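Here subunit A shows up in two complexes: once beside subunit B, once beside subunit C.
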Partner chain A sequence: MVTFAAGLLDATVQAATVLILAGLGELITERAGVLNLGVEGMMLAGALGGFIVTVLTGSHWLGFGVGILCGMALALVHAFLCITLKSDQVISGVMITLLGGGLTTYFGSAWVEESIDGFPEVTLPLIGEYLVEIPLIGEAFFRSTATDYLALLLVPLGWFFLTRTNLGLELVSIGEDPETADTMGVSVFRLRYLAVLIGGGFAGAAGAHLSLAFSGLWVPGMTAGRGWIAVALVIFAQWRPSRLLIGAYLFGLLDAFRLRSQSLSLSLEPGTPLASVFNPVIDFLTNPQIMGTYPYLATIIVLTYAVARTKGDRLAVPDALLEPYTRETD
Partner chain B sequence: MVGIDLTARENVPRWLNYATPVVTILLALACGAVALLALGVSPLAAYWTMFGDTLLSTFGRTQTLIKAVPLILAGLAVYLPLRAGLFNIGAEGQLVFGAIAGTWIGLNVELPSVLLLPLMFVAAGTAGAFLAGIPAWLRAKWDVNEIITSLLLTFVALQLQSYLVRGPMQDPTGNFPHTAQLSAAATIPEALLGVHAGLIVAVVAVAVTYVLVRKTGLGFEITFVGANDAAARQAGMSRFKIYLLVFVIGGAFAGLAGISEIAGLQGRLRAGFEPGYGFTAIPIALLGRNSAINVMLAGLFFALLFVGGSSMSVAYGVPAALVEILQALIILFLITAEFFKRYHVDIEFDRAGDAATGGEA
Partner chain C sequence: MADHAFLRMEDIYKEFPGVVANDHIDLSVNGGEIHGLLGENGAGKSTLMKILYGLYTPDSGEIYLGDDRLELDTPQDAIDAGIGMVHQHFKLIPRLTVAENVVLGQREPAATFRADNDDSRLPESIRNNRVVKSLAETFSLGLDAPEQRIQELADQYGFDIDVSANVADLDVGQQQRVEILKALYRDVDLLVLDEPTAVLSPTEADRLFDSLSRLADEGLSIIFITHKLGEVTAIADRVTVLREGRRVDTVPVAETTQADLAELMVGREVLFRIEKDDAAHGDPVLEASGLRADDDRGIESLSGLDLTVREGEVVGIAGVSGNGQTELAEALAGIRELTDGDLRIDGADLTGASPRAFVDAGVSFVPEDRLRYGCAEELSVLHNAGMKAYREDRFADGPLLDYDELGRYAESLVEDFDIRGVSDVTDIDAGDLSGGNLQKLILARELDRDPDLLIANQPTRGVDVGAIEFIREAILEQREQGTGVVLLSEDLDEITDLSDRILVIYEGEFVYETTPENADRERLGIEMTGGRVADEPADAVNSPEAVAPTAATDGAESTDSTADVAAAGDGD
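And then the complex of A and B:
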């Protein structure tokens, strides 16, 4: 039971890193008023780009960097369309996901047979060896890849950036009320570009983590919907980094549990009263595919609850989300 | 100093309306040519295989029409809400729900074909309408963004399908993730040109949508709500009713797309049976956004792209993913072109430059 729990936690941390990276980027982009539904495509670009460079050079970090750049390259297309050309953000995003999936499948087919040794799992310097000894959570949290630690570090940094720095506050202001921000001298266009590029970079990093640390392989479509879960996660987190972290672990735990639910039977003993009633229900609810619907259902419920409760007044959703900004001209 | 001056166009020149789809498709094909060259394939030969050979062979034309059935129906599922200013990006899920419900009826109900097939279609339409009704109701009632909810419900539907074909609906004779084969009575018969009768359903759906949008009072309300929500409310139109209506009818069309694909072509429901028709429906609806007839034409074009793409893939050993790239590029160029339709762009070259002028003054 203890080994099961430790393994579960380990898998949770691994699954959560991808969601934290991609989700945090999406959160920053959305706070600036731009919805990016291209996360999945950008992640795939990052996964393939990072993988190819790592195979060619043998350097994980170079691959990771190129993965970030690949995500940003697709994000630049999104930014140009949505900010400069004021196109529909939903259409652009969905098409970029399609484009990213198509391009990586097309050009990645030659790389399917390759494999690499992923990012090594390391302990933190100095205190790491003691932290690993912590029962249950030690191994899961403190023997991880560098990218796992990076993702964790980026959450407080992201929070600090958005709430305590001038640039971050300006960025949030253009997501709420771009007209006023513009009047105050904030460059709406430039900052929105920045926000979309940051989001693309994070998505690329999430993808590169998948191919470089998580699997050590390239498989077409390997993100398997995680980009969409990241989009859902931002809503689930009500656009707050701290809740995003909790949500990522929650969704990560669900993902880890779902892959292991077969090995752990939660059914009641045959003799227990009502076992015949409860067991089919438990079996249904812990079925891996059924558990796969939980993140999406939870997000719909949270979104509906938040909207219904606040009647649109105090909702955390950035006011100017989905609205292209056009400067008033005489 | 280069100055760019944007002025909103008051009316779009007529030639621009016709030229846009053609130009965007040509541009996308030009980009695709670069991708083909990158893998050492002659673009002209590849495109000839893709379009020429497909259109010139009976087999190619038949396959294109078969492929067009789910694409047109799913395209309508996105098109109709779009008329009312709503975005249904969950046609994929509605299609899958329709396929599940229709297949279930086909496998579990014993009736003669004349009764069974209509029942399957009704069940499929109802299931699609049900799944589409959720985001519509949430939007109409509480203003919950329908884009997000319809998208998320798609993934719920896909997981549910995956569960069913591995569990309650699995073929009892094997261990594969698919249902049993539909009986002959539950199979849609061939109608014309070697294409199953789903084609007739698709054409009727196009006609119904066309008449609904263009010729009825309800259609006027839909377009009015889509154009100006506030004014529509002033005029006493019910936004609630319209929102629910366009999504429910759209979802039903997507459901019909699902069952036509299963009962007309594949014969059984498989895990991952369809290659994203519901997502391709978005480009189709956007390309054909002006009328249901255009949606049908766009659906035929994308069907050609799919069929031609796979024969090109076989002939030249190029990944069929090129079709996805082309699809995405067509729409990305299309929304780029929208900008030039909406704005008149003047580029002014001011030789003196602002700084110099300022200095003299």
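And then the complex of A and C:
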């Protein structure tokens, strides 16, 4: 049982890194008033781009960097459509997810056979040796790939950026009320581009982590809906980086548990009272397909709770989310 | 300095699709002057000020501040030139604190990196390095020093503000003071306030006036946009009056009266006169008492109105827009929730009933915004014509709609109401029609039902002269058929021509009632703009100089009201 728990935690941390990276990027983009539903497509682009470069050069970090750029390239399309052309953000985002899926399946077909040694798992310098010894969580948290540490580090950095820097303040202001920000001399267009590109870069990084550290393989469609979970995670987190971290581990745990639940029989012994009543329920609840819906269910519950509690006045959702900004209208 | 204007806007022209918002306007403001900018809604005041603030680019015209010619492409240009603006709808971000709102866009670096911080551990040479400076201004944020300065400014002008509070937690008066602080923090020389008292209680407005006087005493130039005469005479030095996008006149407040200003503002062109027969008034169709309702922002905009309309009676409601007309019309049509009061249609209590109950009770509604609320722009004329009638039995084909019958119905309306530009009722969308024809379509839909009560809000605003005449006659025809009509309009001619009884609405209350026979334009104009009227004690101190010129001008037109108007003319 202890090995199962430790293994589960290890898988949780790995699954969470993808969600932290993609979710944090989406959070920053949405705080600037742009919804990016293209995360899934951008992640796939990052996963394939990163994988190809790593196969060709052998450098994980070069691959990781190219993955980020691939995500940003698709993000640039989204930014152009939504900010310059003011088209519908939902349509553009879904289109980019489909585009990313299609393009990576086509261009990635030659790379399916390849495999690489993933990002090496390392311990932190100096104190790492001791931290790994911590029972249960030591191995999971303190023997990880560099990208796992990077993701963790980016959460407080993202919080600091949004709340403690001028650029972050301006970014949040264009997500709340672009007209006001404009009257205060903030360049709405430039900053929205920046925010979408940051989001794309984070999504690309999440994808690259997936192929370079998580699996060491390229498989078409390998993100398997994690981009959508990242979008849900931002809502779950109520647009706050700290809650995003908690949510990422929660959703990561559900993901890890889903993959491992088959090996673990949770059903009650046949002789136990009421076993015939509970067992079908337990089987249903631990069915991998049903478990795959848990992140979305959790998001719905959090959203319902948040709406009920604030009575709609002051939801955490950025006020100008989904609103294109044009200066000369009345 | 006195005759050398600080701000000059010369020959400003701005056209929006279909509307000339500013038609070659000149405006000049002296240093340390409070300059009133007076005009009805849609007169072009806000457009002119948005041009001054770099939000709109004028099609032609020049702006000078001091000796410099300004090129204002963005608000940042205006801020840099020393122009500050307090918008009518506050430009504040509720989720941020007062200090964050004030410094937004100013790029205040963290204390360690501030050039003026003597306690900083960083040597001055590093702090003044361009790269370090720019990085610090982007990737850090220091609020301590700004908060201190904002607090000093607040104390200096007597604003009670907690600089670290969230703006969402402040009341409107405080939010407005934050807006003023935003401008002061940027060291502006010229402050523009767009209808600053619209959201304030009278006490808060007085406080604002005190503050503005203090600011002007310190040399700040202030432009004060309003449509309330009392405010102009209370604090402005000079006033420029705009009407329909043109500048009518600029006059020193000391040399004018509220009556003169009202006349300049409302104008007096009469398009035409309609002959109307006396109609017999029957039983009440609408009985409303103590109506209270909030506007969309949650601010009370109807403050206890009583209104009775009888069969065959047209009650005209005059007022400058934004005084509760929209809310009143919507409340009477059942689409705005009442916070208090009772509403009866044909004797039946419909307080709190659904909009459909009002429709079924025979209430027809012509909303002021015909594109947003009067029609579905992207649906055909057929759909729009049948929008209320479709549930009638004659349009039923079993459980389905009988589109052939609806088509014939729509065609008959197009014919009867002379709606032009409709070649095919299924092919032409409502949004394709011109303003006048669309209004006729809406009117056709609303009148063909033979309503018991018609509520028409600004039915002729923005339509051409031919359509205006048609619409007015259609309303009078309803009156002869015994429909009770509530007509809300800013057009005094329309009100006096069509109404049997006139009520003036000001700040959500009926402040004056008269009949067209006894109506006097000047008096109506003053009542609409909240001007003072004779029997108020403040007028006991009238000076002879102020009375004399008014009496002379008004004597020619309406001798019986001269005394009232002359007395009302002298504000402060």
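In the analysis below, the second predicted complex is superposed on the first by the 327 of 330 C-alpha atoms of A that agree within 3 Å, B and C clash if a C-alpha of one lies under 4 Å from a C-alpha of the other, contacts with A are read in each partner's own complex, and residues count from 1 in each chain.
Assume contacts are C-beta pairs under 8 Å (C-beta built on N, C-alpha and C of every residue); 3 or more make two chains touch, one makes a residue touch a chain.
Note that the coordinates shown come from a computational prediction; the quantities given were computed from them, not determined experimentally.
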item: First (subunit B), second (subunit C), both or neither touched by A:M184; value: second
item: Contacts of A:E323 with subunit B and subunit C, given as first, second, both or neither; value: neither
item: Contacts of A:I300 with subunit B and subunit C, given as first, second, both or neither; value: first
item: Which of subunit B and subunit C A:L81 touches, first, second, both or neither; value: first
item: Which of subunit B and subunit C A:I91 touches, first, second, both or neither; value: first
item: Touched partner set for A:E114, first subunit B, second subunit C, both or neither; value: neither
item: Comparing the two partners subunit B and subunit C, which touches a greater set of residues in subunit A; value: B
item: Touched partner set for A:W228, first subunit B, second subunit C, both or neither; value: first
item: For the subunit A and subunit B complex, residues of the former touching the latter; value: 37, 77, 81, 85-88, 90-92, 94-96, 98-99, 101-103, 105-107, 109, 220, 225, 228, 231-232, 235, 287, 289-290, 292-293, 296-297, 299-300, 303-304, 307-308, 312, 329
item: Residues of subunit A touching subunit C in the complex; value: 161, 164-170, 172-173, 176-177, 179-186, 314, 319, 327-328, 330
item: Footprint of subunit A on subunit B - complex, ascending; value: 6, 35, 38, 87, 89, 138, 142-145, 147-149, 151-153, 155-156, 159-160, 162-163, 166-167, 279, 282-283, 286, 318-319, 321-329, 331-332, 335-336, 338-339, 342
item: In the complex, subunit C residues that touch subunit A; value: 16, 53, 55-57, 74-76, 79, 85, 87, 91-96, 100, 103-105, 107-109, 137-141, 168, 182
